[in-house]
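The structure appears right after this line, and notes come after that.
Order of writing sets the labels: A, B, C, D and E. Residues in every chain begin at 1.
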Amino acid sequence: MSIPAKLNDVLHEMPGIKVRMMNERRVRVDLSPDTLPALLEILKGRLGYCHLSAISCVDWVQTDQFELVYHVWSHMLKTMVSAHIFISRQPGQFISVYDIHAPAGFFERDIHEMFGVHFEGAPNLNKFILTSWGGPPPMLKSFNTREYVEKTFDWVQYSPDWLKDIEAKGGGID
Amino acid sequence: MSLLLRRRFFWEEIDLMSLLDILLLVAALLASGLFVLGRGSFAGWLATVVYGLMLAVLAIAGLALDSGVAFIPSAMSFEILGRNLGWRLDGLGWFFALLTVGAAFFASWYGSGEWGRKQKRMGLQHALLALNVLAMLLLLSSGDLLSLFIGWELVSWAAFAIMTQGGGPAVAAAYRYMIYALAGAMAVFAAIMLVQNVTGGLGFADLQTAISAMSTAQVWVLFILFAAGFGVKMALMPFHLWQAPAYSETPGASSAFLNAVSARMGLFALILVLVKLTGLEALGSLAIPFTFMSAKSALMWVAAITMVVPTFIALMQTDARMLLTWHGIGQGGYMLLGVLVGTSLGTAGGLMHVFNYATYQAALFLAVTAVIHRAGTSDLDELGGLITRMPWTYVTLLMGIIGLAGLPPMNGFVSKWMIYKSLLDGGQPLLLIMAFAATLGTILSVYKLIHNIFLGQLRREHQHLKEAPVSMVLPMLILAGIGFVTGFMPGLALNITDIAQRAIGGDMLPHHLGGVTLATGSLNMLWVVGVLIGAIGAGALIFYLLGNRRYEVHQFDNYAGGHFLSADIRYHFSHEFYPGLARVIGPWYRGSIVRAEQGIGILVNVAGDLWQAVFRVAYTPLYMLLVVVLGLVFTGSWGIVP
Amino acid sequence: MMSYVADFIFMPLIAFVTGLGLVLMARRVRAKIERRVGPPVLQPIYDIVKLYAKKTQISHGIMHDLSIMMLLGGFITAEIFLPVPGFDGLAGEGDLITLIYIMMVPMLGLALGVGSCANPNGSIGISRALTAMLAYDIPFIIAVTGACMAYGTTNLIEIVQIQQAGGPASWGAATMPLLAFGGLLAVHGMMGKEPFEIYIAPAEIATGPMVEMSGKYMGALFIMQCFQLYTIGVIYTTLFLGGGENWPFFLAKVFAVVFISVAVTNVYGRFKTDTMIRWMWKWPTGIALAGLALVMAN
Amino acid sequence: MNTVPQIIFPVAIPLIAAFLLPIAGRCHAGFGRIFGRAAVLVTFLASALLAWQVAGAGPASSAMGGFKAPLGIVFYADNLAMAFVLLLNIGVWLFWPSGDEDRSGPYTLLLTLLGGGAGLVLSGDLFNIFVFYEIVAVASYGLAASGGSAAGFGASLRYLLLSALGSSLALMGIALVYAAAGTLNLADLALLAPDVLRGPPGAAAFLLLLIGFGVKAELFPVNSWVPEIYASAPVRVTSLLAGIVSKLALIVILRFLVLVFPMPSAYGLLLTLGILGVLAGELAAYRARDLNSTFAWSSIAQLGVIAIAFSIPGPAGIAAGIALALHHAVVKPAFFFIADKWRGDVKLLSGGARTSPLVAALFVLLSLSIIGIPPLPGFWAKYLLLDAAFSSSPAYWLAAAVVLAGAVVEGAYLFRAAGFFYGGPQKGRGAALFMPGELVPAFVLGAVLLVAMFAIAPLGAYITSMAVQAADVPAIAAQILLGGN
Amino acid sequence: MSDKLPVIEDQPEICRSVDAGERSVWTRVMNRFADHCRARSLFVLHYCTGCGAIELPPTITSRFDMERVGVSPMVTPRQADILLITGYLSIKTLKRVILSYEQMQSPKYVIGFGSCTINGGMYWNSYATVKRLDQYIPADLFIAGCMPRPEAVQQVLLKLMEDIDAGKANGWQDYYNNYDRYLGNQQALFGESWHTPTDVIAEAKHYGYLADGTMGRHTDLLLKRADYALDRVPEDYPERGKNERRLP
C-alpha cells in the first residue's frame, strides 16, 4: 500500500512537511501552521480535496499546545489527508480557512466555544451550542468538570441498607 | 298580513296623491339644502332626521299599498315633445324605496358621528348621498319608460359623483364605472326607442303590447338590450369588473349605502321590465334554437355563474372591502336567480334576499370602516387579534358574516332556504348545486375575513386600540339586530315583500310569522332559532356547571412546540389563508374577462389612430380626385340599382 | 309545546349514548386491526369525565368559551331535528336543508373558538377543516339533491315513510345505488377519518384545532365527536337506508354505516389538502352526478 | 305673403357696412370698431323684424327686379332660414373680436361673412346659393388666417385649396343640373326634378353638390382641414366657424335634398357620409391628446350626427337635425373658449378644478349635455334623432347604434379629461388660471343651455313646426313661383 | 451560588390532601368517581427528551398495548396528563420541559425514566446535564435502569394508576405550594432573568393552592422581571439574544 503517486509528489513539493501513510485510504501530514492554508489550497485545487469533513482540536496541557487536525477528502483519489499542526496554547490564535472550505465556519465556531481558540477571519464566532453557558471553554483540560459539578449540583444521598452492606464489603462507587 | 295595523284610519284622510310628492319634495329639498349648508356638523344629524321622516312617509304609503291600493300617483307629470312623463309609486318601487331610505338613514347616521368629523369633505358626502336618494326615488317611482330611463341616468351619474369622493384611485375606478354605466344606459335607450318604434308610445302598457306585436328576432334584441343594460348596474357576470374597486374605494359610510342598495337598482329595473311587464312565460317561450334552453333559463344560468365565480374571487382577496364588494356581486346572483324561478316561493325568496342583503352588507361595511377608522388599514395581512380591543365591532361583523354566509340564527338563511326550496321544487338541481357551492365559498371567505381581522395574535402596534366610538357602534349593532330579528321572525320581512310581490303579479306566498309551511317541507324559524338558542343555553349550563372555574391566560401562554412566544415574533397565520384550495383552483383564475376588457380598450385606441392618420393626408387635390371618383362609382352603382 | 319536551331531553341523550358506543367501536376496530386488545368498554366515558374533572381549565377569552357552547348547542339542535324511531322531534318544523345548515353552526363555532386561541397550529387546522368541508360537501349535496328530487320532498319524516312503504326494495340505496355510493364516500369525508384527517394531523400541526383545547374544552370536543358520528350515521341512514322502523334494526344500520368508514380508515395514510380536494371532486362527485342524471332521467 | 322689400336687408346691410367700414376706419381709428358693431346691430334688428313677420304671416319670397322664375334671382325666407340668420347675427355679435387692434381687416371680413351667410340661407336660386357660398368661403379664409401665426397661414392655405376644389366640383354639379333641367330656380327644379333628375346624372349632380358644399359642412371625406384650422385660428373665429357657419352649409344641403334630390340614393349617400363622419370624429377624438384637437374631432363627429339626422326623410329627421344643430351651436363654442386657455397635453392640466372650479364645473355641464344626459337639452335632441331613426328603415337603426356607441366614446374621453381636472394631483404648472373677462361668451352660452333645460317643451314645438314647414315642398314651390312678383 | 439543600430521605407518605373544610358526601362521592376515571384515562405527552423514547412505542403498540388500561399518547402538553422524562436532560432541554410542564393541566404527573433523571446517570459528571429532576419539577415516580424495558414502564404506569386511584399522586400541588423553591433552583441554573410565559402564581391564586412556600425571595425576582403584559418583551428573554444571527 503506497501513497498515490500524484499525491506523493504534490506533498513533497511543500518544504518541511512530514508524510506518513496510516492505512491505504488515509495519509497523515505534519506541517508548520503557517503553511497549512497553502497545502489545503493546493490539495483542493489540483487533487480534488474539496471536502473538509472536520477540524478537531486536542489540548496538550503539558506542552502548552493545541493540536489542530484538518481532515480533507478527495472523491477523485478516494483518500483522506489529515493535516496536523501545533499552535501555542496561550494566545490560542490561528487563521480561519473559511474562504477555502465553507464548512470550516461551523467547525471553527465549535472549537472556539469548546477550546477558546480564536480564528481570525471566521465569519461568526458567537455562542453556538452552549448558549446559556457562562463558564470557561469546557473542553479545556484545565477546566475541572468534576469540581464544577460538585459545586453546582447536589446529589440524592440515597443510601438504602442493601447498599450499606455492599460498601461494608468494600464495594460501592468510590 | 296579520302583523301590520289592519285598522284603516288616518291614512285615508290624507290625500294619497300627495304622499309621493311629499317624499320627492323632501328628498329634493334635503339634497339642495345640504349642498348649501353642508359645512356644519349638524348637517349629518339633520339628514338622518329627514331620512327618518321619509321612512315614516313610506310606512304610511306601505299601509295604503298593503290595503289594496294599486299605486300612489304623483301630481308631477310633464308633456314634452309629444310624450308625457308621469311618476307613480307601486308596490315594487315602494319596497326598494324603503331599502334605499333605510340604508341612507344608517349611512348618514354613521357619517354624522365621529367618523364624519375625520373626513375631509363630509358635508359634500352628505349632500351627494341625499342626491343619490333623490335620484333613486325618481327611478323607483317612474311611471313610464322615458321617466324610467331618466331616473336610470340620474342614478348612475349620482353614483359616479359619490364614488369620486375617495380621491386618486377612487376617481380611476369611478371613470371605469362610468364607461360601463354609459354603455348600459345607451343599450337601454336603444331598447326604449325600439319599443316606441313598434307601438308609438312609451308607457309601460306600450311595452306589453310591443312584446306581443314584435317578431321573435325583435323580442330577442329587446331582451338582450334590456338584460345587458340593467345587468351592467347589477354587475351580472360579463359586466362585473367595475363594481369591486368602485364600491370599495368610496369612503366608508357612502360605500355602505352603495353596497347595500345601489346595485339593486339594476335588479329593480330587471324585475320591472322583464318579470312584471314582459312576464316570465314570455321569456320562457323565447327558445334558443338547437338547445332546450330559453331566454329565462339562459338568464338564470348567467345569475348562477354570477353567484359562484365572484364568491371564489372574493376568497382570494387580501383587502377586507374588496372581499365584501366581490361578495356583493355574488349575492346579486342569488336575488336574480330567486326571482327568475317563477314560483311565488322563489320570488318571495329573491325579494327577501334583497332586504336581508341590505341589512347585513351595510352592517359589514360599517364594521370594516370602524376597523379602518381605528387600525388605519383594511389589509387582511396587517391586522389580527382585535377581538380583545373592539368587541362590539366583532359582534357586528360576526352577525354580519353569519347572515352573509346564510347560517340559521340570521335572516340570510331564510331567504337562501326559500331560494333553494324553490330551485328544488322547480326541478333545477344543477342550479341548486351551484348555489350551494357558492354558499360554501362564502363561508370559507367570511371566516378568513373575521379570522384575519379579529382572531389570532394581537400585533404590538394595536395594543392600545380603543373600541369604535358609540356613534359608529350603535348604527352597526341596530343593523345587525334587524338582521337577527328578521331571521328569528321572518314573517315581518315577508309582509314587506308581499307588497312588492303583489305589484309584480302572480300568486302570493302563504306565510306566517315563523316562516313557510309547504307540503314538500316547511321552515319555522321560531322553532329553529328558539331551539338553537335553548340548546346553546344548555351548552352554557354544561360548560359552567360541570368543569372547574375557567382561568384566562394571555396570548403568549400558548403551545408552540416548546418555543417561547413573544410580541416581536409575528406568528399569526393570515397570509394566503387557504393554501390547499389555492393550489387546486389557483390555475382556474386566468382573468379572461379582464383581458377581454383590455382588448376592447386597445381596439378603440388603434381605430382612433387609424382615423387620425386618414386626416393627416396633405396633398389635397389627389385626395379630392380620389373622393370624387369613389363617389361617382358609388352613385353610379346605386343609380343602376333601382 | 309540552309534547316536544320529551323529545328535547331524550333525543340528545340517545344521540350521546349511541355516539359513545360508536366511538368505542371505532377505537376497538382500530385496536383489532393493529392486533391489540383495545380500550375497555367504558373508556370514552372515562376520558370525558377525566377531562371535565381537570382541576385547572385554561381559556383564551370569552369567544373560546362561547364556541364550546355553540358547539354543543349546535349539535343538540341538530339531534332534535333528526327523526329517530319513536321520536319525531321538530323534523316537521325544519327540513333536510335546514338540518345541513344547522350542522354548519357548530363547525363555525369551533372555528371561531380556535381562532380566538391565537395559536398558528389551530388556525392552520381550521383553514384545512373548512377546505375539507368545501371538498366533501359538494358530492354530499349532489347526493342530497338527487335524493330529494327522487322523493319529491325534503321533509325527513315523509322521506322515511316513502322508503319504508315498500320495505328494503324501496330504500334509497336500492332505488338510487350510484347516489348512495357517492353519498357514502362523501360521508366518509365528513367524519374526518384517516384519508381525510388532514385537519387533525397530530404530527404536523399538533392536532390542529384541538391544540389549545384542554380540560372541559377538550371534553366538549370528545362529546362533539360522539354527536358527529351519530348525526352523520343517522342522516345517511335516513336518506338512503330507509330510516328507523324499530330501534335494534335502526342502530344496526347506523353502526354499519360508521363501521364501513372506520374499517376503511385505519388502512390508509393521510391525503394532503389539495389531493383530498381533487379526489373528492373527482370520484364521489362524478358518481353522484351520474346518479343525479339517472334520477333526473326518469 | 306678398313680396316684402325687407327680405333683402339681412344681406344688403352687412355688405354695405363691410364696404364703408375701411373708409370710416381711415378717418378715425376707433370708429371702425364701433361702426362694425353698430352695423351688426342694425342687421340683427332688420332680420328680427323680418323673422317676426315671417313667423306671423308665413314664408315670404321676392324675385329681384321682377324677373320671372327661370331668369330672376329669388329670395325665400321661412322660419328655418330666419332662425339660422338670427343665429348667425347673434353669433357674430357674441364673437366680435374684442381686441384693440385697429386694423379694419377682420371686421370687414366678419361683416361679409354675415352678409354672405344670410344670403346663403335665404336665396332660393341654385346659382345664387353658389355665389353667396363663395363669399362665405373667402371670408372664412381671411378670418382663419387672421390669427397671424405661421401655422394659421399654412392651414388656411390648405383649406383654401380644398374649398376651391370643392367649389369647382359644386359648379360642375350646378352645370349638370342646369343642362338637365334648364333652370336653376329651386321651386322650378322641385317641380321638374321627379322626371328630369331621376337617373345617374341626378345622382352624380347631387354627389358633386354634396362634396362641394360638404367642405364647409365638415362632411366626412372633405373635412381634413378642420383640426388644423381650429387649432391655429383665433378662438372667436373657430367658434364662429364650428358653431354656426358649418350649420349653414348643412341647411343648404338640406334644401337640396328636400327640394331637388328627394331620391333614396341621395339620402343613402348623406347617411353613409354621416356615419363615417361620426366614427371618424369620435375615435380620433378619443386619441387626441390636447383639448383643442379633441373638440375639433368632436365637432366633426357632431356634424356627422346632424348629417345623419338630415338624411332621414320626412319632417322628423329635419326637426332632429335642427335641434342637434342649435344645441351644438351653443355647446361647441363654449368648449373652444375653455380649450383656448387650457392648451397643451391633458395630463398637464391636472388639478384644473382647484385653480378655476367654475370652469371645470362648466366643462362637466357641457360634457353631460353633449353626451345626452336626461335633464339637459342634449338628451332631448338625441331623443328626437333616435325617435326619427328608429321609426324609419333598418339602415337608420345601424346609424342610431353608431350614434349611441359614439356617445359612449365621447363620455370616455370627456370624462378622462374631467378626471384629470378633479382627480389628478397638482403636478407641473397645472391648468392656467382664467381671467374673468376671457370667459364671458362661454358662461353666456352655459347659461343659455341651463335656461333651455327648462324651456324644452316650447322649443320642441317651435322646432317641429319649423321642420314641417321646411318639408312641405309644394307650398314652398307655390310660394316662390306665385308670390315672387 | 445555590444554597446546598439538606438531604431528604424518601418522599414522606402524603395522605390524600383534604380540601378546605369538611366536604359533603356528594363532593366526596364525586371526587371518588373522578379519581376512578382519572386513573383509567391517562394521556401521555409524546415528550422524548432522552434515549429512553424508544421504549414507548412497544409499550403502546400491540406487544404491551397500554390502551387496555386507558393510556393513549397525546401531542400537546395542554391535553396530556403524564409528562415522561425519558433519559438525560441538558440544561437547554430542561427549559422546554419546564415550559411544557407548566402548560399541562393539573392534576399532572411526571415520571422520570432511567437513572439520568434520578442522580445524573452516566452523565453524572457532565457540566451540561441536570443531575436531579425533582429539584426543578415535582416528579411523581422514577424508574431506575439505564433505559428500563417496556415491562418496567408498564409497571410504573400501573403503580401511577394505583396512586391516582388512591388520590396520592399530588406532586403537582407541591409545585404550586413550594413554587419558590422550584423557581430558586431553576434561577440558579438559568440565571436571574429566567421566567416562562405561564403565570404560575396567578394560577395558584385562582385555584386556591397558595401556600406559604409559593411566594418567596425567588418569586419576587420573577415578578420584577416578568411582564406578562403584551407590549414589553424582557431584553434577555431566553434564546432571544441580540447576537442570534445566521451564518452569512
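Just so it is clear, contacts are C-beta pairs under 8 Å (C-beta built on N, C-alpha and C of every residue); 3 or more make two chains touch, one makes a residue touch a chain.
No experiment lies behind these values; they were computed from the predicted model shown.
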{"item": "Touching subunit A and also subunit E, the following chains", "value": "none"}
{"item": "Topological distance between subunit C and subunit D, in contact steps", "value": "2"}
Remaining chains grouped by touching, subunit B not included: A, C, E | D
{"item": "Innermost chain, taking as reference the mean of every protein Cα atom displayed", "value": "B"}
{"item": "More contacts between chains, B-D or C-E", "value": "B-D"}
{"item": "Chain at maximum distance from subunit E, centres defined as averaged CA atoms", "value": "D"}
{"item": "Chain whose mean Cα position lies farthest from subunit A", "value": "D"}
{"item": "Chain centre separation in whole Å, for subunit E relative to subunit B (CA means)", "value": "59"}
{"item": "Distance between the centres, which are taken as Cα means, of subunit D and subunit A, whole angstrom", "value": "102"}
{"item": "Separation of mean Cα positions, subunit B and subunit A [Å, integer]", "value": "75"}
{"item": "For subunit B, residues contacting two or more additional chains", "value": "458, 548-549, 551, 553, 555, 557-559"}
{"item": "Per-residue multi-chain contacts in subunit A, two or more chains", "value": "none"}
{"item": "Touching pairs - complete list by chain label", "value": "A-E, B-C, B-D, B-E, C-E"}
{"item": "Subunit A-touching residues of subunit E, taken from the complex the two chains share", "value": "1-2, 4-5, 7-8, 91-92, 118-120, 124-128, 130-132, 188-191, 238-239, 241, 243, 245, 247-248"}
{"item": "Partner subunit B, residues of subunit E touching it in the complex", "value": "76-78, 96, 99-100, 103, 196-199, 202-203, 206-207, 228-233, 237-240"}
{"item": "Residue ranges of subunit C in contact with subunit E within the complex", "value": "27, 31, 34-40, 42-43, 45-47, 49-50, 53-58, 202-203, 206-207, 210-215, 218"}
{"item": "Of subunit B, residues touching subunit D in the complex", "value": "78-82, 149-150, 153-154, 157, 164, 167-168, 170-172, 175, 178-179, 182-183, 186-187, 189-190, 193-194, 196-197, 604-605, 607-612, 614-618, 620-621, 623-624, 627-628, 630-632, 634-636, 638-640"}
{"item": "Interface residues, subunit B side, partner subunit C - complex", "value": "385, 387-388, 394, 398, 402, 405-409, 413, 417, 420-421, 424, 427, 429, 432-433, 436-437, 440-441, 443-444, 447-448, 450-451, 454-458, 514, 519-524, 527-528, 531-540, 542-543, 546-553, 555, 557-561, 571-574, 577-581, 583-584"}
